[in-house]
Amino acid sequence: MESLKNIESLAYFSPEILLVVFAAVVIITDLIIKNRESEIVAYISLVGLGCSLVAILITNSFISNNEPISLFFGMIRLDGFAVFFKILLLLATAATILFSLRSEELDIKLKGEYYALLLAVTFGMFLMASSTNLLMIFIALETVSLTSYILAGFLTHSPRSSEAAFKYITYGAVASGTMLFGLSMLFGMAGTGDLMQISAQIAAVLASGGVSTLSVLIAITFILAGIGYKIASVPFHMWSPDVYEGAPIPITAFLSVASKAAGFALFLRFFHVGFGKPEILQSIDWVFILAIVSALTMTVGNLAALPQRNVKRLLAYSSIAHGGYLLMGAVLLTPEGLGAIFFYLIVYLFMNLGAFYVVVLIANEAGTEMIDGYRGLASRAPLVAGAMAIFLFSLTGIPPLAGFFGKWFLFYAVIGEGLYWLALIGLLNSVVSLYYYARIVKAMYFETAEDTNGLSFSKGTFALLSVFAVPTIFIGLLNFFYTISDKITLQ
Amino acid sequence: MIVPLISIILLAPLAAFAIFALLGLAKRNFPRQDYLSTVAMLAALGCSLLLIQEVVSDPKPITVEWLSLGSVTFSMGFYLDSVTVIMLIVVTLVSSLVHIFSIGYMHGDPRYSRFFAFLSLFSFSMLFLVVSDNLLGIYIGWELVGLCSYLLIGFWFEKDSAANACKKAFLTTRVGDIGMFIGMMMLFAEFGTLSLYGDSGIFEEVTTLESGQIAWLSVAGILIFCGAVGKSAQVPLHTWLPDAMEGPTPVSALIHAATMVAAGVYLVARMFPILTPTSSLVIAYVGGITALVAATIAIVRFDIKRVLAYSTVSQLGYMMLAIGAGSYVAGLFHLTTHAFFKALLFLGSGSVIHAFHAMHAHHDDEHAESDEHDDHSLVHEHGSEIPPDQDMRNMGGLRKKMPLTFITMLIATLSISGVPFVFSGFWSKDAILGGVLGQAMASNSPHYYILFGMALIAAGITAFYMFRLIFMTFFGEPRNQEMHDMAHESPWVMTVPLIVLAALSFPAVNILWFNENYIEPPPQHHIHSPQRVYVSPDSKTADANSGISLFGISEAEAAEDESGHDAEHASDGHHGHGPAHTIAMVLSICVAGLGILLSWLFYHKRRFSAEAVATTFRPAYNLFWNKYYFDEFYDGVLVALTVWKSRLFAGFDLSVVDGIVNGVGTVTRDVLAAFIGFFDNRVVDGLVNRVAAVTWSAGGRIRRIQTGAIQTYLFVVIGGIVLIILIFRLF
Amino acid sequence: MLLSLMIFVPLLGMIVVLLLPRESDELIKRVTLGFTLIPLIIAAYLFINYERSIFGIQYPHGPVDWITAFNIKYYIGIDGLSVTLILLTALLGPICVLASWRNIEKGLKAYMALFLLLETGMLGFFASLDLFLFFVFFELTLLPMYFLIGVWGGPRREYAAIKFFLYTLFGSVLMLVAMIAVYLNSNVINGVAEGVRTFDILTLISLAATPGHALADPGFQMWVFLGFFIGFAVKVPIFPFHTWLPDAHVEAPTAISVILAGVLLKMGTYGIVRVNMAMFPEGLAIFTNGVGIVGNSLALLGFINIVYGSLCALAQTDFKKLVAYSSIGHMGFVILGLAAGNSEGINGAILQMFNHGVISAMLFLLVGVLYDRAHHREINGFGGIATKMPVYTGITTLAFMASLGLPGLSGFVGEALSLLGAFQEFELITILSTIGIVVGAAYFLWTLQRVFLGQLNPKYEDLPEINKREILTLVPLGILTIVLGIWPNFALDMFSESVTNLVNVLEAI
Amino acid sequence: MSLQHYLVISSILFSLGIFAVLTRKNAISILMGIELILNSCNLNFVAFSRFVTPAESIVGSEVFRFDGQIIAIFGIVLAAAEAAVFLAIILAIYREFGSIRPDEVDTLKG
């Protein structure tokens, strides 16, 4: 595998470049058109995403026989794994932009900046999915984080939003600082920033007694703190409910899906490529600790979601729990586990974004995020309620909805390695989760609203809803999505 | 020829019912359901009579595979031997007469059609029971007659007493049926079939059993007998039958005197080949005790129908005793004669009741009021207020008002009392007594002497209370003039059946029983003693010259029933029949005469005061009057539970009386509901809810960690890192 | 192909119903009825044309590749057992639509749509031959049921709906683990994994009987057996997983109670026969052929169900709850019969499944008829209504008698066979179980007395008699009750071959 | 000075930073703590780069690799960016809450 030089790499880097270019275009357009409430910038961003998608597909065709391409002297890697995540992230961003267009909450003046930042954060996430160097990892992480902080606090006159941004940045800065410290230790021990070589180097110094296991352990745990914060796993999850609740709903949706997906991309690449070799960590029961983290994450997420009355916050906890499910697949670093994560992320993208979209719609129409606001929705807006029910039951994992198949895949992977206890905990968590998801359904279907007027939505709204709802029903039933993992390998 | 005949016998009544049911779905009635049912029944009767000649040729005309389960097959089929045919005739005959009688008796009832439909259904079920060749079929018929009994006892369901009685009847008999079913399960588990006849039938298989293997067979036999105990109202499950008198009187005559209750005897007779000495003895004793207990209770009843009901119980006990003691033929003979004269007595009493009030509507109204306090508990109170039109204390002197009824009932009474030679009841009763005594003499077993004593005493008491009934009802002065004036002879549709039945109380009509070749007792399996021999038909005919051969048969039976007797002993028993028979006959005539005499002195001549005697023998009188406290005992057990409950929940001073009043209903609602409901709600459901609550509160706790202060969060981060590292270092 | 058509016609119906205008109630009802009649016709065709003397799968469709990553196939087919239950399901479909004709006041369209979805789930479940498909269909019934109880139910419907959902989900979670374990071990022979894994039920059954195969290991079978069993036990329901049932039944609308009792409970026992018994005979043997509590545990559970359910029924004052608890009791006979593991027991149990489906459906329909008129179900609040509703009383008596196991009606045959079978294996338990028969008679007769007999409660002076539509829903079931009582071979023939085969497998252990 | 000295200093800096972040009751002080953390990392990178990364021989002369130094430079840039964003957010907080005490910004919880 050759490492391409800088200029040669540019062609393969075109998706990212396009994003940056369009971010600039958005800002310039915003400056030119004077009317700062114009939605044209959003459409430009969408076009940008479209162009980027085309570029991704083109670059994907360069990858033959699963042979990854290394760019910029090994800083970045273009492989099926990266392409998968880029497409996923792109879809999430596109959805976020569409949500933002419809969110009354975000009916603000600084549209240009907002969409530019969205494109920028997507760019950062692309990097997270493809970095193979400690430096790039750190830069990618910081790019995503910094822009996310701003987006979370984007509602200038909302104390909630500001508080969210404040907590986010404080937490994020400490976590990424900790991670950076860990990265520096790793760098020191391995003598290189190249993820591809780190594992071999560490193994060598460990074998020669140059460094102790403890040092490696501390370094990795520090790094885990940074990644754990991105995927909101216990005990690094505590920022997420507050930030999710405070941030504008589209951003919450974005964070809960895209940010988490990017975090998992980083996690998988870092541990699979960097530390997937058992000989490095043979003195540490790595599987056990990750399994514990996974079990704790889903349990804490689900239990804490039980008493919530704010749907946004409830979904925040639910997404913590889903992070825990996803971690199950990551525990073992097996191909099945990877495949399960890929599949689950696809499903999760649709069902979780869909659920958040309904939250956006209800916040617009009923002006509330509380469960009480969902009362009688079934009669006021049957289609929206139906879609929401589909999303929620899919999140629970009820067949024949896609969420079930996603979980099935994950549990399959876990049981395949003999971790029956983890699978059981995960499954029992699904049962618990039913309770709070069903509370929303109950409010929508079994209770009656004080205000019984029908809610009217535009055709576009229904179209967008069905964009999420239809895949949520069908993804699991189609063979295609299960085979994605066959095309993706991590080396 | 057999198949069409038997088909008509079964299908005609069924069709009559089906027409009613189908039209009922369309909310319509067949215009003359009474004629329809009656004609169907008469057709069945005709076919039954035709069957007499057909039987001998082929006892098993049809067998169809009812259920096939791969290795096991349950077949349904008919078995027609002479006993079956006689039963068929008895059932169809009595049923036809009751149908006819009901046309008059039930006239004007709002549910007139339904009554006949139910009668038809009953007749079908009973006939099905009779002809079935396997236990499953018998059980099906058995339960169906129970259903019909339920429906007919509760025919006037507006009366709470009727509603209670029908439920009690069904439940009590079902308790016995469970025993029967368990017995069936035992037989099935052993033999893999429930068919009785044929090469692989139970009766054939049972002969292959080795000695020493029959302990379970005794148990199975007794369990099957349990079914008969319930259905034939034997002690201790007899309490339902007197209550069943809440049903219309024709029903009492048909179901609760002539046919259904006799089905138990028939069942035991059918199962004769598998009865072991032990189970036979149990059956005999239960029968004997029942005969005695019921007879003594009957002495002190005033309700005309209840006297007859207890009399029925007593007579059924007699039959059981006979079969248990090995007098197979005598038992069945008595079954037949009893069916006729008891049906006659009931119909006669119905005629009297009918005379006293033409309108059932009155009847209903009175009851509605008197039963106000009923609380619909599971088992009702047995307060047994006697309806005025059934109270013998209101009767008297009806002889002249209702001559036909009087004469026919007198004939029946003479028959049941065992007045010698002229009446069939004498012969059948004598056959039993002679059989038991013969058995006793042959075996020298004290058991059979005791049983003989019981039977003899019961015979005397029977004569006494039956004549008491006659004297109180038809003789003397009217006690209730107002009611007496209302009384009138019944219309011809009601008297004709009485006359026919009266004719049937003479032995000449029961000619079949005197043909010793017509009925042969089935060989009983003598599993345990190899030296036992089967009694060949020859040994019976050897005694044919004794005039009435069935005594010989019964004694031959008796002889073979005792273990340790070899062939010679058996034939000894044969020769010993002469004195046994004679002694029994003499004794029987004596006790009957004594009973009648006493009755005459007490109730006609009033030489003695029944009240004075009652006062003198207060404890015995109380015992009889309270029906040996059986009902009280059953309630008592349940009340004890109530008391226990009261102690537990509300302190002991909650009155026991209250508990009695509330009866089982309270037990059920409070104890069971309190316990099971409590258990289900609190323990089973509670555990689940507990888990849910714990989960929920865990959620609340986790939530509290989320304080909102960012530095707490950061502390958790650092703490988490340290913890992970520590965990790694420690392990 | 025919089978697939039958399964998915209701789904198609759901889409059609969803496209109909919301206001046109009559049209919606008729269309739904039409779409439930088609499966009935097909099911009847299958039932009649099923070749009874042959053991094996008939009318198969597939296996068609579905999810290749896990070798999951779309594979359906019927044997005698499933075709019987399919007939029951398809029969109850139109009956339930008719029973919902007048008493669904709001959201009729959604109700009918969900009902059709439910029917697809049930039909598919009984026809599935792929374990994964089987599970998906099993779970597919959950969602519509949840909504049908929760939206159209009684006062405590929310509680009942979520309880039903949570219990069943809990059970299926364990089932899922067991299922994955089976799949993962399906290619392991003598400790070596080779070849592809499979979900094919028929293949798995034969693999589980192959010596040396991982699936044939008794220890493995025991655990997997337990996993599946608990999943199905919740559905049956078997004590102590039964408490969802009275709540769900009481709150559910009539037609849904009918489906719940008639079909959904059977899914549990069907699963036990199809998966637990056929696939894991070694595991089954641990719970039926062993010594002590464990060795008799399955029979004990049946016994507890019978006696406990009956006693609970006796204690009820709510008519519907009484019927619900009686269901628990009657399903106990199924468990007892299955535990026996012999020809009589299993045949009886399966017959009892079918019969209970018919009879309990009748009972719930009858309760619904009364409820629609009186708007309450308090047993003690009636009295003497036999005078006002003679036809209704007659049908109710028939149903009660069938349910309490009166010979000549269908309930008896199944019960009797189950007991006959069970007695050969577990004498004492079976004898004790017969208590349930007496108690069963007691509560039904007592109810009959309290509701129908005695003086007419003046409140119900002008209670209208059961109408033609209601009679129409009851008559087919009543006919089945009588026909199966008189001629049980009508249904037994269908599955006795399959059972014989199963018994041979069980006896070989 | 050996590598150990640098590492000890950077560890102290890191710990001080963490301590500040956990205990200070002023958002600005927390920012300073964060800066300490980030700079301790930079120090690490530079030190490691100097002492650990192997020198490569290119055309006879020893050439040091500057990986660590480069990372440190990026780190400084990102720290600056972070500080900028942080300060902007602190302004917003002050505007909404009238305080920059972190424990008073706790409306979102539970």
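By letter and in written order, the chains are A, B, C and D; residue numbering begins at 1 in each of them.
Here is the rule we use: contacts are C-beta pairs under 8 Å (C-beta built on N, C-alpha and C of every residue); 3 or more make two chains touch, one makes a residue touch a chain.
Just so we're clear, the structure is a prediction, and the values are computed from it rather than from any experiment.
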What chain is most central when centres are computed from CA atoms? C
Between A-D and B-D, which chain pair shares more contacting C-beta pairs? A-D
Distance between chain C and chain D based on Cα centroids, please, to the nearest Å. 66
CA centre of chain A versus CA centre of chain D: separation in Å? 26
Chain centre separation (chain B, chain D; CA means) in Å: 98
Chain A to chain C: how many Å between their CA centres? 43
Two or more other chains in contact with one residue: find those residues in chain B. 703, 706, 708, 710, 714
Of all residues in chain A, which are in touch with two or more distinct other chains? 166-167, 170, 174, 178, 241-242, 308, 435
Residue numbers in chain D touching two or more further chains are 18, 21, 102, 105-110
Per the touch rule above, enumerate the chain pairs that touch, sorted by label. A-B, A-C, A-D, B-C, B-D
Residues of chain B touching chain A in their complex? 692, 695-696, 698-700, 702-703, 705-706, 708, 710, 712-714, 716-717, 719-721, 723-725, 727-729, 731
Can you list the chain A residues touching chain C in their complex? 339, 378-379, 382, 393, 396, 398-400, 404, 408, 411-412, 415-416, 420, 423-424, 427-428, 430-431, 434-435, 438, 441-442, 445-447, 479, 482-483, 485-486
The chain C residues in contact with chain B across the complex are 167, 239-240, 242-243, 246, 308, 311-312, 314-317, 343-344, 347, 380, 383-384, 386-387, 390-391, 394-395, 397, 401, 406-408, 412-413, 416-417, 419-420, 423-424, 427, 430-431, 434-435, 437-438, 441-442, 445-446, 448-450, 452-456, 465, 471, 475, 487-489, 492-493, 496-497, 499-500, 503
Which of the residues in chain B end up touching chain D in this complex? 703-704, 706-711, 714-715, 718
What residues on chain C touch chain A, complex-wise? 65-70, 106-107, 110, 135-136, 139-140, 142-143, 146-147, 150-151, 157-158, 161-162, 165-166, 169-170, 173-174, 176-177, 180-181, 183-184
